[in-house]
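First chain written, first letter: the chains are A, B, C and D, and each begins at residue 1.
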């Protein structure tokens, strides 16, 4: 089985290195094909591993070699395939394979074709390291690696100023969180003496709760950055500047869920500190609502989906924070399928619309893009949590969990958000695919995507529809290592009322969205009263948070840097050094004039020197004569 | 021959440089490269012959010079100095190989070979006076390199570099003389041998003063805030090769000397001054990173980033535990490789455009994709991406210091944020966007000669990032003995508390010769 | 009593003479006053019983040195009044007075005079000249010889420096030769 | 009225001070030499007096050597003076500033 582990892990690396060989050459179709094949190989290996685990096989644990060893510290390149990581591996490799194949079509005309596959495969490799590593340091490698690849892929079209800006923003914001993560790792090391998950978790119950709380908080800060939780969320929406397959893979299905993975992986830690768990759940619920509200009014197709991703991540954290780790993981999986599908569909639309992103400028596309329409509708249904699609099973379980744990505020918020989710999802679908063909004003002739791209998307479509059936086997698999209670509301009546109520609420939201937007006929121009209302502006400007960051953090940092350089470094520190040198030089320059060459003057100086020496002789003579008295005097002064 | 390999390593380049005066101008490059290659091969041989499991000094040589004052020619290497010597040989080779159309190339190569002698000498010397001689001698070739081949402000920069560091070293010399005097008082024998000094336990009050004297000399060399201002000028004016050697090797002398002198000789003072020095290190990290962000000249960005990284090295050194000190030594090597490579890279573009202003570039990734790639690799190493060489050092340094102070490590950890900010901003300005300047449209990508210099560095960057053990293990052994020595020597409660005892359950094995305290 | 009168008399005369030397604007007066002062100083030596030193003082200073100065003055226009730009008088007087006071203070310090012990005590029943001779040719033989060599060197140096081109005699040269030499700037 | 050592020392000091005045005041090189002679003689008095009052001949020896040195100084100094005068036809100190730094 170890063989499959290594294949699953290193096939993406090989793919990346292979594509990297051709980065400086013009487009070569075979790089895309070979990369896809290799990623598919990885997927197959992961599937074999999954089957192994499903059959009740022992988790596979291998140590490749030592990475760092000094003092008491020992960090190996160790990999583990257990129920959690194999789930993640499946999600990653499956979505990656599909996105790779899809990208062959999507990046068809791009001159960075080969480079794209190098980065994309490198990302898959980093993600595999992240999920397969058996220690926190290895996790951190993957953690930073996906950050790097995300940087490279968001800024893939590096000639675009905004894309490079977004990539730097994503990288730096992730770094802020990574610092928290790093501190968390240090805390784990100095308190348990190891970074291996199993050894560290075994020792954790014996630590005092304050330490555990700090560990939990710092690790979660890391998770907040990668999963774009408030207040580090702004990068995710800006990251939509990258190519759409990237958004599908990285910023929906895999990388952003790494934070959830971290919390789930550290479940033994977080079960010990329920207070932090509650905080995570509350923050998750808040972000779910917060992000959904921003998605309501946005006019950028990809950003709307990005906010919905953010919102769904909030759901996952809510579940994980409440201790329902398997639910979080399950929602992660289901979400990966339908959200990737949604993004890829959006990619098709973008291609058709020549990179137009404003859904108000589309409309009526279902006639030309039938398959895309079907896929995006189903994906949106799944996202909204309509029975029997994937979202229903995962999301509804989160609601149940919140209810069962008696956190009714969280439950309420999540329920309300479910309605919002349904509304904005179908607002988008309605605006793009229904109503008048507004795009004609702009002279665009849309066309359906390549057939093989659609075929590549079809596994996701199927999974978005049927992933719910995996709930039971999934639960059976992970309950071995996750503290897994099935959340059942005690009374069946309550359960049914909740289920039906939720479904009705969501359905109503969908209908309302259709009613309002399916017949939309004009492109808003910022004059209608609703666009000028306070809430609209607040939401449209993302609660002014990017503005706030720009004004109160980025700008002051830039100005402080300038100030430090021009004022402090040059005017104070360096000037002090030059000043000291200047004093020495100036003294020489001044005393040089004493050397007038005039013998008479020099003789006067000589006499002055003689007087000075005589004076010193007298002074020292007196001091020596009266040394005792001087000491008495000085001591009386307290010297 | 192996018995005298260190002397050979020191004096072979110097002799070769003397012969170099007789070499024809045209064949000088080939001569220089071959000499440096032989020297590098010798240093590799040193590595292979080096026993990584021995913690103490190896290849010791001892030749009395002034026996009545205990001044001897003592050489030796341990895991701490071994890799810096190899790095010095390596960078001299790379540097000579990458020399482009330098005027007076003959003089340049001779100067570089002399510089190599002094660099190897500093790291191999085990006698304070010999150390001091090489330490000061190293200034001269560098002064010449900056002053003769530098930019428009070269005279100012070189004199500033020379006088500043020289002033600091004089204070250090006074400290050394005092140290020898105290040794004389305690034992009745004069000795300048560092290993002898290790055995001397000084009372805390004396340690504080001596530590301060040594500190000034080392801090200026590192350079630590607020003594850093010579560095941007030196880098800004020096030719590429000068910057490379300066950043890769010369700066390491300061941090190396901290580990060789300050820590084992004054453990109490080191523990006492740990927090103030850590605060200075944090200021170095954050402040210079911000200053780097404000720079308009890409070479100055790299120069200030050097200072910022040196802050992490200082922090790791003063973690006073095995993880931190090993990490800081590893980071010295890592920073040498990465900053050396970055300076070479800046030199590549400078050769083509004769400007270093970032506003003159933009969109270079379109025209020079290979250059952009290798710059990107080094950039990522510089910001401490895992699986690159820098990360290992930074991670261990910060990890080590975390044991001493949580909050200070948190502040120092911002290095990974601020480092990313200025590096990514610089990369964006240079490589991203559209090509706006006409001159940039036809720039040639990295040529063969530059590949020869850059590729090995890139390989090392990745290789030691993935598999640091061959380097880390010998370092670890030597550091363990240093830390144990410090713990045994420590007299104050504070120091005993801060410096971990590595031999926990058993009786102290390491030989512990305590000479009566100096009064 | 006689000693006191002599002391004060010669002290007054010496001070006056030297004062004239440093203040007068006529070089010739200065020279004469200096010579007189030297002779008066030798009187102190005789009072103090240092007969030999007194004799040497008169011979060397008034005889040799003053003669040298007199010869030297022949090169310069000694009759002309010496014009000297004077700086701040207060500095000159002030510094001198301060130096004098400090020296006096040092002399008055007991620790100086208490610790003096005679290294070469005066020998009873022997004349001063003989005493000097005894010490000079035994203990101070080497310095004495060195001084002799020094004087020789000084003499040679004096001759060489002052006597350059002495073989050129203007009286024996024709006018054209003198012009030629002047052009060569040998003679000024 | 007994004349003691201090009388001589004070006299010597006064003469020395006069010499200092001369050294500082004189701008004519020849007259400057006179002032230095005064300095030397002032010291000689002190030597002779100390020698007398302590019954020690060392002081006289010193005075003796001082005279010797003074003589050679005059010889060389005058020689230099003449050379200088030949070159510049002036022995005014204010014109003598080639050593200006």
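To be clear about the criterion, a residue touches a chain if its C-beta (ideal position, glycine included) is under 8 Å from a C-beta of that chain, and two chains touch if they have at least 3 such contacts.
Everything numeric here is computed off the predicted structure, so don't read it as measured data.
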Innermost chain, taking as reference the mean of every protein Cα atom displayed: B
Euclidean distance of C-alpha centroids - chain B vs chain C, Å: 67
Distance between the centres, which are taken as Cα means, of chain D and chain A, whole angstrom: 92
Chain centre separation (chain A, chain B; CA means) in Å: 36
Chain B and chain D, separation of their C-alpha mean positions in angstrom: 62
Multi-chain contact residues (two or more partners), chain B: none
Junction residues of chain D - those touching two or more other chains: 20, 24, 26-27, 94
Residues of chain C touching at least two other chains: 91-92, 95-96, 99, 103
Interchain pairs in contact, sorted by label: A-B, A-C, A-D, C-D
Complex contact set, residues of chain A against chain D: 592-600, 603-604, 607
Residues of chain C that touch chain D when the two form their complex: 1, 3-4, 7, 11, 14-15, 18-19, 21-23, 27, 30-31, 34, 37-38, 41, 44-45, 48-50, 52-53, 56-57, 60-61, 64-65, 68-69, 71-73, 75-76, 82, 84-86, 91-93, 95-97, 99-100, 103-104, 107-108, 113, 116, 118-122, 131-132, 135-136, 140, 143, 147, 150-151, 153-155, 157-162, 164, 187-188
List of chain D residues in touch with chain C within their complex: 1-3, 5-11, 13-22, 24-28, 30-31, 33-35, 37-38, 41, 44-45, 48-52, 54-58, 60-61, 63-65, 67-76, 78-83, 85-87, 89, 91, 94
Interface residues, chain B side, partner chain A - complex: 160, 163-164, 225-226, 228-230, 287, 290-291, 293-295, 321-323, 326-327, 363, 365-366, 369-370, 373, 380, 383, 385-387, 391-392, 395-396, 398-400, 402-403, 406, 409-410, 413-414, 416-417, 420-421, 424-425, 428, 431-434, 466-469, 472-473, 475-476, 479-480
Interfacial residue positions of chain A with respect to chain B in the complex: 23-24, 65-73, 137, 140-141, 144-145, 148, 151, 155, 158-159, 161, 164-165, 168, 171-172, 175-176, 178-179, 182-183, 185-187, 189-190, 557-558, 560-562, 564-566, 568-569, 573-574, 576-577, 581
